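In the two complexes below, subunit A is the common chain; its partner is subunit B in one and subunit C in the other.
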Partner chain A sequence: MASLSPRTRRRALHYALSHAWVLSLARAGLGLPRRPPTEGYLTEAVRWGLGELAAAASRRRPVVWCNVALPSEFVYGLGAVPIMPEMAAGFAAAWRGAPDFIVRADGDGFPPDLCSFHRCALGLAREGWLPRPDAVVATSLFCDGAKKFLAHCSRLFGVPFHLIDVPYEDGSRAVARVAARLQEVAAALQAGGHGFDARHLPRSLELSNRARQHYLEVMRLRRHRPAPWRGSEALSYASVFFMSFGSPGGVRIYDALRRALAARVAGGRFAVPRERWRLLWLHFRPFYPGKLMPFLELEHGAVIAAEDMSHLWWEQLDPGRPWESLARKMTSHFMWGPVERRLEVMLRLARDYAVDGIVHYSHWGCRQSTGAVSILRQAAVGAGIPFLNLDGDCIDPRNGREEQARTRLEAFLESLPERRDAFAAGSGG
Partner chain B sequence: MPLVAGVDVGSLTTKAVILDGDRICGWCLRPTGAFSQQSALAALEEALAACGRAREDLSAIVATGYGRISVPFPARRVTEITCHARGAWAEFPRTRTVIDVGGQDSKVIRVDARGRVTDFAMNDKCAAGTGRFLEVMARALEIDLEEMARLSLSARGRATVSSTCTVFAESEVISLIAQGRPRDEIVRGLHEAICDRLQGLVARVGAEAEITMTGGVALNRGLLAVLQERLGQRINVPRHPQLQGAYGAALIAAEQAA
Partner chain C sequence: MSAFPPRVYYTCSYVPPEAIWAAGCQPVRLLPDGPAPGECDAYLPRDFCPFVRAAFWQLHRMGEPAAVVLTTCCDPMRRLADVLQHHRPELTVLLLDLPRERGPRGQERYAAELERLQSSLSAWAARSGRTGLAPGSGRTLAQATGTFDRLRHLLRAARGAMPAPAFHRLLRHLLTCHPEEALTLLETGRGVAAPGAHAATEAAAPGSTEAGGAAAGAPGVMVITSHPVDPHALEVIEKAGARVVAEDSCLGERLLDVAPGSRDAGELAHAYLERPPCPRMELPGERLAYLEDLACRGGARGIIFLALKFCDNLSYDLPWISGRSLPVLLLEADWGVSSSGQFLTRVQAFVETLLPE
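Then we have the complex of A and B:
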């Protein structure tokens, strides 16, 4: 961290001090009245995040670096802390530090068209911002760049690298194969020392199921019109979504969120002052601060009612059959396998959340998502739902082109009534 | 009939059109320069002066283009995509596809039988395939834009300009000049490169006849010929293609005022 530029350190400090959790802690410290307990999901998220970081930094629990598609229940089930460098890149972007980290990664010889999630994460790793891993575990879900990036990290730190290859086609053979591989990796990790212990697995799955129940209710509440939660905020919780299932914190966070949204719906407090349009957002959003999301949701009343990346796709896990359950969660991932899976999810979410349009954010360098855009677009248009593909970058604002994105979004919103009429008249659109 | 205005603040030029009923009674086209707010105001005042009217006479103003957000007078803001579609359709009502090549972006817009936008695609990431691209290349070749069109039409061959970046393409052009490649072939190659990009955008939204081209680049007959050949159909060109966005904006203002 000592080699970090003063600008990055200043930004990190500014981000930390400007965040709402600091105000919450200050209020508590000064004895001021607390916010209503139903709105405490941010506090719970911060408490969980800091707790996990502390456990990792103090080496109380072993640390596994992994990509976002590895079920966090697997890592918690081994008594370890999951660190997802891709999600850490999102935090770096949020405090505007990503460009500095990306420049550091460029020094390792990575070409600029490699995903900025990975380049930024590598910069974070290089500068010691992430707790040192005891092992690196990658899955073939759903991005090849992540596997290579994580393999690079394992070499960087001299720790073992394990790959869990998920077959492209779902089915009982695929589940059996992944389950066996999960067991192999778990055995290898336990044999390597550091305190990995698979006896935590049933408890981890049980906690995941409890969080899942809360999250299902969150998804049900979000169907309400007007929407009780802004999708831009939901996408900001991507790290929580990917990393907290299987931990006690995950249960607390989603219980608090469920209660917060229920209270909002009951009290008539909604996400935007005047909801005009409802959108389905595909893939991630830009994580750096900018005008795009406020422009969309607050200025134009176009609320992101649902997102594919934060919808719950897996079935209840069986703590009695942990390996098969986790394998099923992985093999059924909607971003993996035939594109029909993602199509089905897109159309189902569009229907369930009664959206007026779909926006796909094509993150620079992300082939696993952008490769499907044409098919997604055709399916959306065929179902009478206007579709916009928006090119940009989730992490690197230098590649974001905010003004261009704004014009495209605005034109898309201007054309929504026309597109709906055109479809109703049978001319497509 | 209400008097209305459309102001299109683009990256290179600012345009204003005053509409008295369905008649254009005044217009102005001027460089945007570094101060888009001043430019917007000046364009509006000059267009009003051209028809002997004042700002107080206006019932509604619509601002469009990249500078629409910061115009220094009360105006409704509508994107240039909607405005170009409306303007092109008003002049050619059978238009179903609009190709607009502006200073820093190019776009292809699908419109329905009522001139409403049903889909669009825009260039991304760089200014290759735009008016700025042609300006830079004309400077490298030391010719004006009018001569570019003439040279392209008379070319017997074409140079290959492979780059998708304006800056790199300029170096390619300089290399081609150094190799002694005839200028008409270089110009033709540049037009082909722009049309490669436009054709890609057209394919994304689908080319439905009739096609109308707007923006200043539509005046380049050399590029128009290449594009017509590529798309296999005739392309309508408005009388004042640079004004089409402002004209569309004024039409939307008229609807608002009605």
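Then we have the complex of A and C:
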């Protein structure tokens, strides 16, 4: 496979995703069972991901490129497949491919100041690794780069671009405006052909609610001390969190995850051998393989008990009022609006998950998150919670500064008081 | 009326100074002199918009309990509002939600924001006991707009009569002084007390070389940037032998090309949202067409793309602009430090390529 040219590899992947028999063969070869066992959330996630990619690659369903802040329920509700190139960049990083794609984007004239999620995604788009979009939909949530990046992609592929401009302040007027705009975009997509159909919307919202119920239980189980799930793994499921709500796969994945965590808690099988500290992680993690996360959680027993980016912030959706429900999900996003919303989430998670410290991972190029660090720090320290800001890069290992990050993390952990109730795995909750 | 109305600072070209003036306050465009020092890192990160860092530092060091008007135009500006509110609570920070939609829905939304701005500022000025308007002598928005329409008209005329660097030095003075003083200065042209403005008007005199005016026959260039353009950068460009014939910046067309005659917040919102688009407002294609037209009207032979570091909104324009017919020179700079020797050398080399064979 390595000897094949990128073009041939890309074509082979598209062919595989477009033909069910290839996937069946691969599943058999990889030993992936058709019926997942209790701890089958990974299997469910792989099945869901491959299934959606196959539907997109074979053009069985229309494809919408969007940013992570567009509710995936909206896309599934139109009978389409959501492709979030920012999340694809995470996969490229996990497979050690990000630097090549970033170099490709740099060659097109994009400066290295820009967020590496978007530069890597640009490279992926230019190299043809992602299923071609039928339309691009962006929201103004929650960073500038995503909107500009997606607008650029729409020009690149010559497909319509739709922007959903979300007012900065939450409230009934904001909800009404966004709901009207969502309807407009849905109407424009349906009028443009490709098989978009909004009749799937109530079903999508029902599925989302079912997944949400499972996820709420996952969040409740994660409050257990010792923690049943490592936050580093939870953050690796960011693409599932952003892209699966509203699909049948989302329900299956979170049901399997809920059952797996419940079984771990019941059986006393916890995330790390000896939980010494519990941390709240703000923003994403480095997605490329590295030593930072094992160093933190496995070597030092500092388990990431909660993350702001994968906490569930929205209320139950109303399938009878889909546009308002989706609009409310968008306008209430904790990363949008004044920083007080994010502060409230940070302090609430810190309390609910009984954390000993907070780590903010300052991803290179992410102005909307790093610009608030001085305020987050002030609030955390004011609440008596130690706070560490860690500079790095989620996508590009060349900019990851891993050694420096490890040194700083080590010093931070040394400054934390040892928990009196530190647990060893198997000691029960 | 008080001779010294309370000063209200603003950072974005989508903030109508006439709305501030109508509320009895003096609008002052925040144009920091130089980059923020290292101490600023305690509040805002280093890999952050240098203009916003410099603006924060100026406000942070300010002694007076001023009001600041910002917009939600970009990530750094939104965070600037947060950081000011948390670290300088004695400042009154008003954040206008700037829509991206320019149609009726966006205009209605922005009109509500402008009404909120006026009432908040009036209340702030009254609370601080420094209201610029005597009781019963209220200034209507139409009156305030009249003042600024006249100011923009005179500025357009002045721009055509002086080299770009001199015009921008004059502009920087006018945008920070009392609007009536600015009108007097432009209407009389001379006898200005402010040294910077005086130098600028002197430099505009025929035969003056103080402003670095380009020689006759120098190739015309269009300058594109997302922020207030740095007059030092313009000086270097003209010193290198080019003539700035078109300018897409916060102090270029976006400042001056506002439809006149707004009588209420709705009309003002329309006038401001329908101006030449800044990179933040872009819909694919629209901005590119506008820039091509601007370059064509000015007779530009090349484009100098002045990219302020860490500006996401502008950076995405570059690949599209580079792919068009005019040659493009990319110059990256920090805020207030674009007059280095290397900068000059690169512009000179670029200008040579624009000269006829």
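In this section, the second predicted complex is superposed on the first by the 381 of 429 C-alpha atoms of A that agree within 3 Å, B and C clash if a C-alpha of one lies under 4 Å from a C-alpha of the other, contacts with A are read in each partner's own complex, and residues count from 1 in each chain.
Assume contacts are C-beta pairs under 8 Å (C-beta built on N, C-alpha and C of every residue); 3 or more make two chains touch, one makes a residue touch a chain.
Keep in mind the model is a prediction, meaning the values are calculated, not measured.
Undergrad: Does subunit B (first) or subunit C (second) touch A:284, or do both, or does neither?
TA: neither
Undergrad: After superposition on the shared chain, which partner residues are touched by A:168: those of subunit B (first), subunit C (second), both, or neither?
TA: A:168: touches subunit C, not subunit B.
Undergrad: Please determine whether it is subunit B or subunit C that touches the greater number of subunit A residues.
TA: In the superposed model, C touches more residues of subunit A.
Undergrad: Taking the superposition on A as described, I'd like to know which of subunit B and subunit C A:177 touches: first, second, both or neither.
TA: second
Undergrad: Looking at A:401, would you say it contacts subunit B, subunit C, both, or neither? Reply first, second, both or neither.
TA: After superposing on A, A:401 lies in contact with subunit B but is clear of subunit C.
Undergrad: With both complexes overlaid on chain A, does A:411 touch subunit B (first), subunit C (second), both or neither?
TA: Touch status of A:411: first partner only.
Undergrad: Name the contact category of A:215: first (subunit B only), second (subunit C only), both, or neither.
TA: It touches nothing on subunit B or subunit C.
Undergrad: Looking at the overlay, does A:338 come into contact with subunit B only (first), subunit C only (second), both, or neither?
TA: second
Undergrad: Looking at the overlay, does A:114 come into contact with subunit B only (first), subunit C only (second), both, or neither?
TA: Touch status of A:114: second partner only.
Undergrad: Is A:371 contacted by the first partner subunit B, the second partner subunit C, both or neither?
TA: Touch status of A:371: second partner only.
Undergrad: Which bits of subunit A are touching subunit B when the two form their complex?
TA: Those in contact with subunit B are residues 391, 401, 403-404, 407-408, 410-411, 414-415, 418-419, 421-422, 425, 427-429.
Undergrad: Note which residues of subunit C are touching subunit A in the complex, please.
TA: My answer: residues 42-45, 47-49, 72, 74-76, 78-83, 85-87, 95, 97, 99-101, 105-106, 109, 279-280, 282-285, 307, 309-313, 315-316, 318-320, 322, 330, 332.
Undergrad: Note which residues of subunit A are touching subunit C in the complex, please.
TA: 108-111, 113-115, 140, 143-145, 148-149, 151-152, 154-155, 161, 163, 165, 167-169, 177, 180-181, 338-339, 362, 364-365, 367-368, 370-375, 378
Undergrad: For the complex, give me every residue of subunit B touching subunit A.
TA: 66, 78-82, 105, 110, 112, 116-120, 122, 124-125
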